[in-house]
Structure formats: C-alpha cells, structure tokens
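Below you'll find the structures, each written out as structure tokens.
In what comes next, chain A is part of two complexes: it sits with chain B in the first one and with chain C in the second one.
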Partner chain A sequence: MTNTFIALAVPALLLLSAIFILLFGFSSYYSKNRGYYITLVTLFITFCISVNGVGDIHSAEVFPHIFNAMVVYDTFSATFISLFLLGGFLSLAIAKSFIDKTNFFVPESFVLFLFSLFGMVVLTMANELLTAFIALEIASMAVYVLVGLNRESLKASEAFFKYLLLGSFSASFYLLGMMLIYAQVKSTNLNVIAEYILNNDLNSQLLIVAGSMLIMITIMFKIAAVPFGAWVLDVYEGASLPITAYMAAVFKISVFAFIIRMFLTNNDFVQLVFDPLIILGAVITMIGGSLLAVIQSSVKKMLAASSVVHSGYMMIALASIEDIDSSASSAIIFYLFSYFISAIGAFGVLSYISKGTDKLISFDDLNGLGKNSPIIAVSLTIFMLSLAGFPSTIGFIGKFYIFTSAIESGYTPLALFGAITAFISIYYYFKVIVHLYFKESTDVKVQYGYKVSLAFIMISAFIVLWGGVGTSLIFNIPGINALNELSKYAIQSLVF
Partner chain B sequence: MLKAYMILSIILFSIGVIGLISRRNIIVIYMSIELLLNAVNLSLIAISGDIGNASGHVMSLMIIAIAASEAALFMSLFVVLFRKKGSLDANIFDILGNKDD
Partner chain C sequence: MTNNILLNILLLAPLTSALLIFLLNISRRYTKQTLYTLLALSGSGLSAMIALYISYTSYFEQKLFVSNLFTWLNIGDFTIEVTLKADALSSFMLLFVAPVSFLIHIYATGYMDKDKSYGRFFTYFNLFIFFMFLLVLADNPIIMFVGWEGVGLISYLLIGFYFDDIQNTYAGNKAFIVNRVGDFGFLSALMLLFVEIGHGGFSYDAIFFNLSLIDTPMLSLIALLLFVGAMGKSAQLPLFVWLPDAMAGPTPVSALIHAATMVTAGIYMVARFAPLYNIASDVSLFIAYIGGLSALFAAIVATRQYDIKKILAYSTISQLGFMFMALGVGAYSTALFHMFTHAFFKGLLFMGAGAIIVAFGHKQDIRELRGIRRSVPTIFIMMLIGSLTISAIPPLSAFFSKDAIMGILYASDHLDLFFIALLSSLFTVFYMFRMIFVLFFSENTTEPSKNSVKSMNYPMAILTLLSVFAGMLNLPEIFGGNLMMSSWLDLADKHFVFSHANEIFLMSVNTILICFILYYAYKRYAYKDTILKESTTGLVANKFYIDALYQLIIVKPLYALSFFFDRKISHDLIDTSINSMALNYKKLGKLFAFFENGNVRFYALYMLIGLVLGFIYLFLLLKAML
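== the complex of A and B ==
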C-alpha cells in the first residue's frame, strides 16, 4: 500500500461509513446494534490500513497541487492515526455493556464518534493553522454533542452547555492568534512560519509572539492545563462514562499530536519564548490537578482530576524538548501511549461496573469487588498501578522516560517536582485499591455479563503489563523497545 | 486605513468578551461568541486587502462556515436547556460541581 493511499483511505473510509449510517440509520433494519457493529468494523479496518504506515521513516505532502501543502502524511501522523483508531475501537468495544443497557445511544451517536475521529485524523496530518483549526473544530463539535447525548439527564445537558460555551470561547482566541500570525508572515503554513522566524530578528516578530500565545491559550484549554481547565471536572462528571473515557484518552492525545508538530517545526523560537511559560504551566497544572484529585469522593471525578495531572507530566516533556534528537520528544509519545491505554482501561472498568446507570461511582461502591469479581478488580488494580507509575507497568516506563529526559535537558528541579507529584498521586490511586480489597462489604455477588467488554478490558490490562516488562526478545511480541523505536521514527519523520 | 479596521475589530472583540462574561441570558452569550468570530473575520479581510494576499478572504469564508455549524449546536443547546427548566438564564444551571454526591 502506498502512503498516499493510506492517507486518503483512512479519512475517506471513516467519512463514508459515517454517511452510510446517517443515510440508513432511520430504516428499521439498522438498529442501534447494527450502527455499533458498522462503526467497530470500520475502526478495525481503518486501523489495519493505518498501521502499514508505521515503522519506517517517510514524509510526503498529500497531493501538493490540490491541497496546497496543507496536509502532510508522515510516520508521525501515521503513528497517531493508528493510536486514535485503536483508542476509538477499544473505548467502543469496552462500552458495549454500557451502550446496551442505556437508551440514549442512537445510531447517529456512532456517526458522531466517526466524525470526531475523522477530525482528529486530519488534525494530525494538518500542516497549516487553518486546516488544523477546522479539524479541531470538527472533532470538538462532535465531542460537544456526545457529551450532551443523554438528553434526559440534567447533568449531561449542563455539561454540554458548559463545554460548548467555553470551547467556542477558547476557539476564538485561536482564530485571533492565527490572524496576527497571518498579518506578519502572510501565510499560515507551519513550514513557512518556521522559515520566517529563522530568517528574521526576534524583536521584529512581536505579532508572531502575541499570536502564538493566543494559540497556546486554546491548546491549554483543550488539554485542560490548570488556568484554563476549569471545565474538566464538570464536563467529565456530566458526560456518560464511555464518552468520558473517549475524551480523556483519545481527544486529549490528538491535541498533543498537533502541539508536538507545531513545537518541533518552530523549535528554537518555542524554546526562547515558551519554555518558561510551559514550565510554569506544568508546575501549576500538577499542583492544581493533585489538589483536585485528593479531595474527590467519587472515582470518576478523581480520574478526571488526575488526567489534569497527567497533562502536567506531558508538559514537562514538552518543556524539555531541545531538538529533534533529544529523548524528550520520543518520551512524550511513549507517555501519551501509556496514559492513553491506562485511562481507557480505567474508565472502561468504571463503565463496565456502572451497568449503564449515570450515578457517580463513589469509592465505597468498589468495596468487596476484589472478593466478588476478582478479574475486574485485578484489571482495575493494574490500571491504577500504571497511572500511579508503579514499576512493571507501562506507566512507570513512561514516567521514567519523561523524568530522565527532563534531567538530560537540565530541568532537574522539574523532574523532582514531577516525582513528588507522582508520590502524591499514589494516595488517590491506591485508595481505589484499598477499597477494592481491604474494605468489608455485605453485597452479594453481582453478575455483569457481557464477556466481550470484559475481554477487551483484560486485553488492555495485558498491554499495560506487557508495556512494562515485555521486550521483542520474548516470543517476538513488540514490547517496550518496539514502542520506543516507533516513537523515535515518528519524531524523526518530522524533519525527514 | 488598516489601522482603523484593526481598532474596530479590537473593539468588537472586547465587546464580545465583556458580553460573554457579564450577560446571563444564554442567547446573548451566544451572540457575544458570534461577535468574537466576526471581529476576527473583519480584521482578516482588512489585512488580506492590505497585504494583497487573497488567502485571508478564504479564511474568513471558512470561519463563517464554522460559525454557522456552531450556531446549529447552540440552537440545539437552547432547545435542550429550555425543555429542562423553562428558562435560558445561565445562573440556574448550576447542579454540576455541587458537592452533594
């Protein structure tokens, strides 16, 4: 398969199957289940297509005459596209029990899933500010509606209101920044901007500095960094659990994909202007997220708050990127993968044991789960250990890479601070484990059913463990070294 | 001439931000967001004419399309919220974040 074919086939297939479900969703033949299976099959096929682009270094503009060099397909985008499709597949597959037991998932809700994935796929391939903005808006508009999918629930409607309002407010800052950059550079292509910055004196680039600050506001909003992330707890609380998993894992890494591409094409400029700001942002994000996570009484809100802390860790890696070859740039991709698989698993377990109700699962609801349903409890424990960064899980390796790369780049206090935050995070992650195993409960054994959802939860748990201990030397299954290799390829393709 | 357009655009943007922060009716808040987008549109068109580069015009067309799809989302939001409580006052939608659960 040629690379151009992959770059076209993946978004086209996503769109086509979305339109197919839209056209036939109203006929009585296409029930909710058929929409669900069409979506799953589409995600599986597109994932199989897109992994062909991973593994060797390549980079090419897709039809430069038609798209005017706005879309680039390289190993970087191929890696992230495969990640999104895998994430969409896993979060939908785990959510099977939730979707069956609730009545607000209509065939059209899967269309929104596909549209948001389409937006993310284009976002990683975008090499131009406006294309990236349109892709980001396609993805976030679909997610806005997914948040408010449960029209019966007042909480979901309010979360929809809050997210839509703040999201469109922050999006206008992106446009303002893009306008300022366009006023100075006369182009919005990332490569042209990078060239302009290199060839001109920094003092004459005030509009670019101001514009990129404004763009950073939107990006900080989308990744829920602390001063701009006030929405995150409320929206994650209001949205139903599969959607929360999807937002926390997949949507967040798509924004990181664009931010990494933008940073690495303008590396010297970013280091000069943004590094102090990102360091400050990382520190307050980690403090604020930890404070929020410690005081929560429900597991879902605790996970939501801890996803803010994880944004903080990734900002450490962003700040310590010195150039393409520095280990920080591949560390961040590794960390994104490790966070993504653990978060999908953790939220997936919650949606599995919530059995379709929209009540918040408090810590006490987990009491006795270790005795009554050991497999679920063990999986949840693995995800919690990985999120906390416990050795022999993928989360530990991710944190290890991030902190060592920060030390390599000379940000030892930042790495130390990250380690302290990881210590604090052990309190709220291990609280879950304590409730699973060491609290007495009078509940009788509950039957959850849906072995398929459980199987995918176990697969995610296995990936988390294998990513922490496995290497390709054993049974030839790709492990830590393969993941590390892949993220290095992805980064190197940006300057290919 | 560009200066005058930019000043107007900044004034529009500021009115939008102030309206978004201070008004309570959700429809007025939505109108403020439209004002933000249109302020950017205006300055894009002015800059594009000033530097003789047509891509600014195209961008403003794209932004109009995005604003239209945002309008569709807000319309559905109005309907959903009005059915819940019979009012579009932003202050009465406050159950999220309450610590009763």
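== the complex of A and C ==
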C-alpha cells in the first residue's frame, strides 16, 4: 500500500461512509443499529489501512500540484490518524450499551462522529494554517452538535450553547492571528513561515509574534488550559458519557498533534518567545485542574477536571521540547497514547455502568461494585491507577518519560511540580478505588449485559497494563519499547 | 534433541504443571484428585528423568549443558542473561534434587490423600521444584538469587499451609523473617561484588576470573556476607531458629524442603563460590567453626526433644553443620558428598516419621507413640536403616561421607574441629536411637488408627536402598574406590595428606565408639520408662534459652520501636499533617470553584484576561529584546 493511497483512502472512506449513512438514513431500513455498525466497520477498516503507515519514517506532500503542499502525509500524521481511529472505534464500541439504552442517538449521530474524525485526520496532515483551521472547525462543529445530542436534557443543550459560543469566540482569535502572520510572511504554509523566521531578525517578525500568540489562545482553549478552559467542566458534564470520552480522549489529542507539528517546525522561535508562557500555563493548569478535581462529588466531573490536569502535564512536555532529538517530543506522544487509552477506559466504564441514564454517577454510586461486579471494578481500578501514574501501568511510564524529559531539558522544578500534582491526583483517583472496595454497600447483583462493551473495556485495561510492563520480546505484542519506538519514528518523520 | 531444549524442559515442566494445577484449583470447578496427581507427578517425573540423563552424560562424557533463554536486563554495559548451565556441580545437584523430589511427590500423593487443599499443595510443591532448579542451574548469582528467594517463598507458603491454625502462620512468618536476615547478607554481597567487578560481566566464570581485582578485606567481607545468606537458608547458628518451627508444615514438606533440598542451598552456594572462599581463608575457618558449633549444639538439643519431627529437624541442623565444617577447611566435594547421602537418609527418616504420624492419627510426641513395632513393621525396618545410616555404621552410605569429613578435619590440623565433629557424631547416635528405642522397643503397644498407604511405602523403600548404597559412588581409596564423585565435581578442593593407617585407625575408633553409644542408648531407653522421667526443665530441654534470648534482645525492642513509630511518627506526625493538607487543599478548591460559576460571560472574560496578560508579557519581552 503506498503512502499516498493511505493518505487518500482514510479520509475518503470516512467521508464516503458518512455520506452513505446520510443519504440512506431516511429509509426505515437504516435504523440506529445499522448506522452504528456501518460506522464501526468503517473505523475498523480505516484503522487497518492507516496502521500500514506507522513504523517506518516517511514524509511526502500529498499531490503537491493539486493541493499545493497544503497537506503532508508522514509517519507523524499516520501515527496520530491511527490513534484517532482506534480511539473512535474503542469509544463507540464500549458505548454500545449506552447507545442502545438511550433514544437520542439516531443514524445521523454517527455521521457527526465520522465528520469529526475526518476533520481530525485532515488536521494532523495539515501543513498550512488555513487548512488546519478548516479541519479544526469541521471537527469542532461536529463535536458541538454531538454535545447537544440529547435535546430533551436541559443540561446538554446548555453545554452545547456554551461550547458553541466560546468555541466560536476562540476561533476568531485564530483567524485574526493567521491574518497577521499572512500579512508579514505572505504565506500560511508552516515551512515557509519557518523559513521566514530563520532568515529575518526579530524586528521584522513582530506580526508573527502577535499572530502566533492569538493562535496559541485558540489552541489553549481547545486543550482546556487554565484560564481558557473554563468551559470544560460544564460541557463535559452536559455531554452524554460516550461523547465526553470521545472529546476528552480523542479530540484533545488531535489538537495536540497540530501543536506539536507547529512547534517543531518553528522550534527556536517558540522556545524563545513562548516557553515561559507555556510553563506558566502548565503550572496554572495543573493547580487549577487539581483544585477543581479535588472538590467534585461526581465521578464524571472529577474525570473532566482531571483531564485539565493531564493537559498541564502535556504542556510540561511541550515546554521541554528543545529540538527534534530531545526525548520530550516522543515523550509527549507516548503520554498522549497513555492518557487516551486510560481515559477512554475510565469514561467507558462509567457509560457502561450508567446504563444510559442521564444521572451523574457520584462516588457513592460506586460503592460495592468491587464485590458485585469484580471485573468492572478491577478494570476501573486499573484505569484509575494509570491516570494517577501508578507503576506497572502505562500512565506511570508516560509520566516518567515526561518528567525525565523535563529534567533533561533543565526544567527540574517543573518536573517536581508535576510530580506534586500527580501526588495530589492520587487523592481523587484513589477515592474511586476506595469507594469501589472499602465502602459498605448492599449486596445487589446488577446485570449489565452487553458483553461486547465489557470485552472492549477489558481489552483497554489489558493495553493499559501491557503498556506498563510489557515488552515486545514476549509474544511479540508491542509493549513499552515498541510504543516508544513508534513515537520516535513519528517525531523524526517531521524533519525527514 | 538439542541440549538446551532438554534443560528448558527440565526447568519448565514443573512450572507448567504448577500453573495447570493452579488454574484447575482456582477455577473452583470440581476436579478429580487423580487429575491433580497425574499433573503433579508428570511434571516432576519428567524433570527427574531429564535430570538423571543430564547427570549421566555429565558424569561419563563430561558434557556441559548450556541454554540461553533470554536477556533479562540490558543497561549500558551491564547485561544479565537468563542462562541455564549444567556443569558438573549443577548436574550433581540435579542428580539428587530431581529424583528425591519426584519420590517425595509420590509419597505426598499418599500423605495428602483426600486433603481439601490437595491442589494448592501440589501447586506449591511443583513450583518449589521449579525454583530449586533455577537456583541450581543459574549461570549467574542474580538468577540464583531469584531461585533462592523463590524457594524461600514456597517454604513460607508450605510451613503455613494449614493456616487455619494461627500457630502455623507464625511459624511461616518466623521462617521468612529469619531468612530475610540471611537474604540481606546474600544481597549485600552481590551488590558489593557488582560494585567491585560488575563491569566485567556477572556470570560465575566472569566473577571468578576477576576475583583477583578485589582487595583482601573487601573480599573477606563479601565472603562473610555470602555466608550469612547460607547461614539463614541452611539454618546454622545463630539463624537456625526457624527450622524447628518449620516442622509445622505437612511432613512431605519437611522431607523435601527442610531436609533434602532447600536447606542444602547454602552448602551449594558456598561450594559454588569455592574460588572465593579459597582466597578468603579466614572466613572459611569461621564457616568451619560456625558449622562445628551448630553441629554440636543441635545434636545436644536433639537429645531432649520429644516431637518426632523436631528431633529430625535438629538432626538436620547438626548434619548441615558437618557439611559446613568440611566446606570451611576447603573440602568442598566431601561436603557435597555428605549432602548427597544426607538427602536420601534424611528424606527417608522424615518420610518414615510422616508415615507414623499418618498411621497414628497425627500424634507426634514419641512418648505417646511407644511400642509401635508390631503395628508398623515395614516402617520400623526402614526407620532403623535410616537411623543406622545417619549414625554412620559401616558400610551404609553416611559412613563413607561422614568419615570422610572426620578424616579431613583430622588431617587439616584442626583437632578442635575434629573433636567437635566426633562429639556431635556420638550425640547423633544417642538421640537417633533414643527415638528408635522409645518408638519401637517398648512393652506398651499402640494400635494404628489407619493402615499405611502403599504410595507412601514405595518411595521410602527406594530411598532406603539409596541410603544404603549411595556411598558406593565416592568410595575412598582404602576400600578400593577412587573417589569418583570428587574427581567428577572437580572443585577447587584443598588436599590433605593422610596416611591409610591413620584413616583405618580413625574409622575403627569411631565405629567402636558409635557401637558403644548405641548399646548405652539401648540400655537406657529400650523396654524402659526412662523417657517419661526425663526432666523438661534445664538448659538443654529449653534449647539453651536461645529462642527466649532472641525474643528478649531482638523481637521485643523491635516491637517497642515499631509501636513508637506507629503511634508517634506515623499517626501523630504524618497522618495528621497530611490530613490537614488535604483538608486545606479542599477548602482552596471550594474557593477556586467560585470562578467556575457556569456563566459564559465570565469564561469569555477569563480568556480575554489571559489574552491581555499574554500580550503584556510579549510587549515586555520584545521591549527587552529589541
């Protein structure tokens, strides 16, 4: 399979199957279930296609004559595309029970899934600011609607409106920033901008500085960094659980993918101007996120708040990137993967045990789960341990890489601060485990059904564990070393 | 079949069957006992056959078996390969460890018959063989340590096997904790070795090759710390206290782990590090004296024990002391030979004890078991042969092995050690025949509550034959032999000049003394009630108050210290401060939540504030730079 083929086939297939469901969605034959399965199969096939692009270093512009170097397909984008598709697949597969038991999912809901994934796929391949903006907005628009999917719920509608308003507000900064950059460089292509920055002194870069500051604000909004991410609690709370999982795990990664590409092509510049800001942002984000997470009484809101903290960790790695060879750049990809799989699992368990009800799962609702449904409890425990960064889970390795790379780059206090935040995070993550196992409860066995959802939860739990201790020496299943290798390839392909 | 596959099967067969039994056991499905039996016996049987083949080829063809499994660690220059290597010493260990394990497995199928934890027992038992093989076959001390800890763990699990009785769990804890002291020594020695010569590789060959790079005081320290490890595992003074208590486990456990195999790991380790101990001769001598003291001490204590298994446990400590004496003066292969014969006769004695315990409704006190000769004649004969063997009556196997030790002690100019050994050997005769005469020669008769089980008798019969004839493997020159085993092992033995006349003289004196003691024991205990009149107070009956002493100077202060840390440091200082921190953090969170008020206009305001601050920063930065 040639790389050009993969680069075309994946978005094309996503789009085609979205259009297919749209066209035939009105016929009574295409029920919710069929839409669901078509989406699932599409994601699976596209995932199988896209993993072929992972593992060796390659980079090429896709049809440079037609697209005019606007999109580039390299190992970096291939890795992220595979990650999104896997994430989309897992969050949908785990959500099967939730989707079946609720009535607000219609065939068209899955179209939105596919559209948003299409947007993310293009976003990672975008090598140009305008393309990136359009891709980001395609993805965001779809996610806005997904948040408000449940029209009967006042909370969901509220969340939808808040997210839409603030999202549009933040998008305007991006456009303004892009305009300023274009005014100076006369191009929006990332490579051209990088070249311009290299060849000119700071005096003739002032508009670029201002423009990138504005773009940065949009991005900080998307990854929910404090103080731009105040929306996150309300929106995550209002959205239904599978959508929250999808936003927290998959959508956030796509934004990070774009930042990494942008940063690494303009690395010296970013380091000079923006590193102090990012560091400050990381600290505030970690403090704010953990302050919010500590006081939550609902598990979902706690996870939402803690996802802010995780953004903070990733900002540590962003600040620590010195050049393409520094371990921070591959550490961040490893961390993204580790957070993504743990968050999908954690939200997945919540959606599985909520059985489609709209009510917020509080900590007390988890009481006795360890006794009544041991498998679910063990999986949730594994995800919590991983999110808290406990050894022998993938979350530990991810945090370990991030903190060591920060120390390598000379940001020891920052790494220390991250470690302290991780220590605080033990409080709210272990609260879940305490409620699972050590609280008095009535002995009621609840039948959850949907063995498939459970199976995917268990698979995610296995990946979390294997990513923490496994090595591809045993059984040839990629473990820590392989994932690390993959992230290194991805980063190296950026300068290939 | 290639050699490394053989070694791998040898190692993995018991692991596989342990795993299968474990899975069957936890599946809570009803499983027939025969299936467990089949699995347990096939695992240990297969490895026993391979072990015999390996030692056979190693002996006759001097073949070296090596199997590279995988690389465990690879940090910089430092690599730890998981490599199995069966050189002469390892093959020699296999020669008795594997078959004796197999025999005791068969025996255990009878002993544990209809036990509710049958599956769990054999999971541990098979796992034990796996770790023991790992210990013996390891090519570097790190892997050996894995096996070393593994057997320790299984020993702990099996001592506390009947955990319904809290006393058994305490005994298991005691064994584990005392062994940790030894392990600490072992581990420290390994770390020192690593610091000194770790750069040159860490396999045995590499270590011995680089030994000359270490200066003498450090080398002595390493040798001493290694021996501390051996002291723990092989139950020598002052770390012996766990072994008598370890008899709380089922008898097959005592036979396999606490007599024939695991406790000999210390001997094996010292013999393995023979090149090291040959240089550190001070430490070697220290080993010899510790061995001598242990031998004498345990033999004396055994004369006042009444529990049939405890007598045997002290006897094991005493015999291990003999081996350490031989190791200490540099006669490694002699020590190993005694370990070899010891595995057979001590295994046999324990099995006999177990058979008696099963037959008489789990009574273990010899005072309650008097006069059982007529009820269990076969066990009587086998126990008698076992006791004669341990007393070193010619031509039984221990005669050759023990006399070789005595001869070497005599020839090595350590006469004090020689007399300690002689005295211990005479005490051995006394306490063994005290037990035999009380058990079997009495007018009282006790009727068995259960007939003996066949699967328990056959392994005992085989071990009886082995304890009688195993001595032939290492016949000294005066009996027309040529010390085949010693030349096979080819260890760095020290050689002592020793005339044949002296040797014959020693043997005769020794044998005459033994017969005399035997007669004395007969007079004293056979058909008499002397045993009931023995006082249970005094120094010997209280094991020289060693347990009480440890309790007073180690356990109690430790408890007091722990209590202090628990109450004052952990509870008052750490818990309180952490709780108050958490509480304050939560209060802070409540304050911060004020900003999260759900109003979009506020959220947009925060963004704008962020934007403005960001541009102020940029303004200042650019002003500074331009």
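Note that in this section the second predicted complex is superposed on the first by the 495 of 496 C-alpha atoms of A that agree within 3 Å, B and C clash if a C-alpha of one lies under 4 Å from a C-alpha of the other, contacts with A are read in each partner's own complex, and residues count from 1 in each chain.
We adopt the following convention: a residue touches a chain if its C-beta (ideal position, glycine included) is under 8 Å from a C-beta of that chain, and two chains touch if they have at least 3 such contacts.
Quantities reported herein were computed from a predicted structural model and do not represent experimental measurements.
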Which superposed partner A:Val273 touches (first chain B, second chain C, both, neither): second
Which of chain B and chain C A:Thr124 touches, first, second, both or neither: neither
Touched partner set for A:Asn203, first chain B, second chain C, both or neither: second
Touching partner for A:Ser97 - first (chain B), second (chain C), both, neither: neither
Chain B versus chain C as contact partner of A:Gly148, first or second or both or neither: first
Partner chain in contact with A:Ile217 - chain B first, chain C second, else both or neither: second
Touching partner for A:Leu291 - first (chain B), second (chain C), both, neither: second
Partner chain(s) touched by A:Thr381 [first = chain B, second = chain C, both, neither]: neither
Touched partner set for A:Leu176, first chain B, second chain C, both or neither: first
Set of chain A residues, in rising order, touched by both chain B and chain C: 161-162, 165, 169, 233-234
Partner chain A, residues of chain B touching it in the complex: 13, 16, 20, 26, 29, 33, 36-37, 40, 43-44, 47, 51, 53, 55-56, 59, 62-63, 66, 69-70, 73-74, 76-77, 80-81, 84, 90, 93-97, 99, 101
Complex contacts: residues of chain A adjacent to chain B: 130, 133-134, 137, 141, 144-145, 148, 151, 154-155, 157-162, 164-165, 168-169, 172, 175-176, 178-179, 182-183, 186-188, 233-234, 237-238, 297-298, 359-360, 362
Touching residues on chain C, where the partner in the complex is chain A: 70, 582, 585-586, 588-590, 592-593, 595-596, 598, 600, 602-604, 606-607, 609-611, 614-615, 617-618, 621-622, 625-626
Residues on chain A engaged by chain C in the complex (per definition of touch): 161-162, 165-166, 169-170, 173, 202-203, 206, 209-210, 213-214, 216-217, 220-221, 227-228, 230-231, 233-234, 273, 276-277, 288, 291-295, 424, 427, 473
